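Residue numbering begins at 1 within each chain, and the chains themselves are lettered A, B, C and D in the order written.
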Amino acid sequence: MSRPAAPQVRIQKGDFDIAAEIAALSTGRTDIGAVVTFSGICRDDGGRLSALELEHYPGMAEAEIERIARQATDRWPLTHLTVIHRFGVITPGENIVLVLTASTHREAAFDAAAFVMDFLKTRAPFWKKEHLKDGSKGNWIEARETDDASARRWRG
Amino acid sequence: MSRPAAPQVRIQKGDFDIAAEIAALSTGRTDIGAVVTFSGICRDDGGRLSALELEHYPGMAEAEIERIARQATDRWPLTHLTVIHRFGVITPGENIVLVLTASTHREAAFDAAAFVMDFLKTRAPFWKKEHLKDGSKGNWIEARETDDASARRWRG
Amino acid sequence: MKLVYFAWVRERIGKAEEEIALPAEIGTVGDLLSWLQTRGATYEAALQHPETIRVAIDHEHVEHHAPLSGASEIALFPPMTGG
Amino acid sequence: MKLVYFAWVRERIGKAEEEIALPAEIGTVGDLLSWLQTRGATYEAALQHPETIRVAIDHEHVEHHAPLSGASEIALFPPMTGG
C-alpha cells in the first residue's frame, strides 16, 4: 500500500466534524478498506458536572501527540491518521477528542486507534478540572491507574 | 450506567450516513464518554475491480447479526450498538458496513466494535463476488483464515 | 423440506432453492450432503468438498453432525465473506 | 531558566511561569524539585509528593534522574488526564 500521509494533529478550542474528517481522507481513494473513528465525549458524571475545563501545555501538546501519532504510523500500515484534541470549557455531550485511522485492513485501523487513545490519556499534556452544577469549581480529575495499564499493554 | 437500548441492525441496499448515526445516539445524552465507528469500504484491489457484488441470505442475515450484537451488549457495558450491512453492487470507495458502539468508557466501545466485526466477517451470511474492470465477472472472494483466527481470540 | 443455496453453491447447482422430499434414512446434515451428491453432476460439482460447505437450519448455523428433524429450511453455502 | 507550571501545580504555586536562576549544584530534575521545596510554603504545598510530579524539558517528558543541562524550559505538572 502507499505510504501514509503525515499524521494530522490539531489542538483547537472549537468542535470538529467527524463526517468532514472522514470525507477529507477517503474522497477519491479506492485503497482504503477500513476507517475507525474514536470520539471522546464530555460526561456529566451522573448529573454532577456542568462542564469540564481542559488545560493544556501549548507547544508540547502538539509535539507529544505528533510523537504518539508517528509511533502509530511506524507500527501499523495506515493510510491516514488524524488526531484532534480540544481545550477550554467543554460541556456534557460535547466532543473532547477525535482519533481517526484508515488502513487497508481493519486490524491495523482498530489497533492504531486504541494505541493512540491509550497514549493520549497517559502522555498528552492535558488536565481536566471539574465545574460543578452548583456553580463552584470542583477537583482536578485524577489519572486512572487503568489508563497506565492500558498503555503498558503495547510494549514489546 | 443505564441499560443499553436494543441493538439496531439494518440490512440495506443504500448507503448510510455515519454522522447521522452518531447524532441519533448521542443527542441529548450526557452519559456517553466514548463512541467508536468502524466503516468497511470497498477497495479496488490495486485497480483490478470495478465493483463487488454482495449476496446475502435475507432473514438469516438480520437474525445472525442480531445474535452477534446481543453477545456484544451482554459482554460489554454499551449504551448503544448499531450495525448496518449493505448488499448489492458496491463500487470501490463506497461503504459496505458500519459498526457503531457507544459506552461510558473507551475500552468497551473499542473491544465491542472489534468483536462485532470479527464475527460479522466469519458468521454473517454475506458473500462477495468480484466484478472486474474488463467487464467480466471475477471470482467469489475466499474466506481468510486470519478472520477465523481473529474471531477465535474472543473465546474464554 | 426447502433447500436454499447461496454464492458458488447456488451457481454450481444452478438454482437458488428447491423443495425436496428427503428419504427417511437422511438423519443429519452430513447425510444430506452425501445424498445430494448422488443427485447429478451439478450437485457433485457444488458439494465435492463437503467439509467446506456451511449449513444453516432455519436461519441458524449448524455443524454437519446436527440432526435435520424439525427443520423447515436448510441453507447450503460457502464460508462467509461479509463485513 | 524558564519554569512553567500546569493544573494543580500551577494553582498551588500561584503562578503559571517564572524565570529562575538555578544554583550551580542543581544537576537533575530531582535536585530541582527538592530545591524548589525550600522556596516557600506554596512550593512546599505543590511539591510535597515529588514522586507524583511529572516533568518535561523543552516539551519532552523526562524522568526525575534526567540532567537539566541545556534545558531552556522546564515544565512541572500532575499526571495527565487528557483524551
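In the analysis below, a contact is a pair of C-beta atoms (placed from the backbone, for glycine too) under 8 Å apart; a residue touches a chain by one contact, two chains touch by 3 or more.
Since the model is a prediction, treat every value here as computed from it, not as a measurement.
Between subunit A and subunit C, the least number of touching-chain steps is 2. Subunit B and subunit C have centres, each the mean of its CA atoms, that are 26 Å apart.
Remark: subunit B and subunit D have CA centroids separated by 48 Å (rounded to whole angstrom). Centre-to-centre spacing of subunit A and subunit B amounts to 22 Å, using the average Cα coordinate of each chain.
Multi-chain contact residues of subunit B, defined as those touching 2 or more other chains: 40, 106, 117.
Multi-chain contact residues of subunit D, defined as those touching 2 or more other chains: 83.
Chain pairs that touch, as defined above: A-B, A-D, B-C. Note for the complex: subunit B touches subunit A at residues 17-19, 22, 26, 28-44, 46-47, 92-93, 104, 106-107, 109-110, 113-114, 117, 150.
Contacts from subunit B toward subunit C in the complex involve residues 40, 54-57, 59-60, 63-64, 85, 96-97, 117, 120-129, 140-143.
Within the complex formed with subunit A, the subunit D residues making contact are 4, 6-8, 56, 59-61, 75, 77-83.
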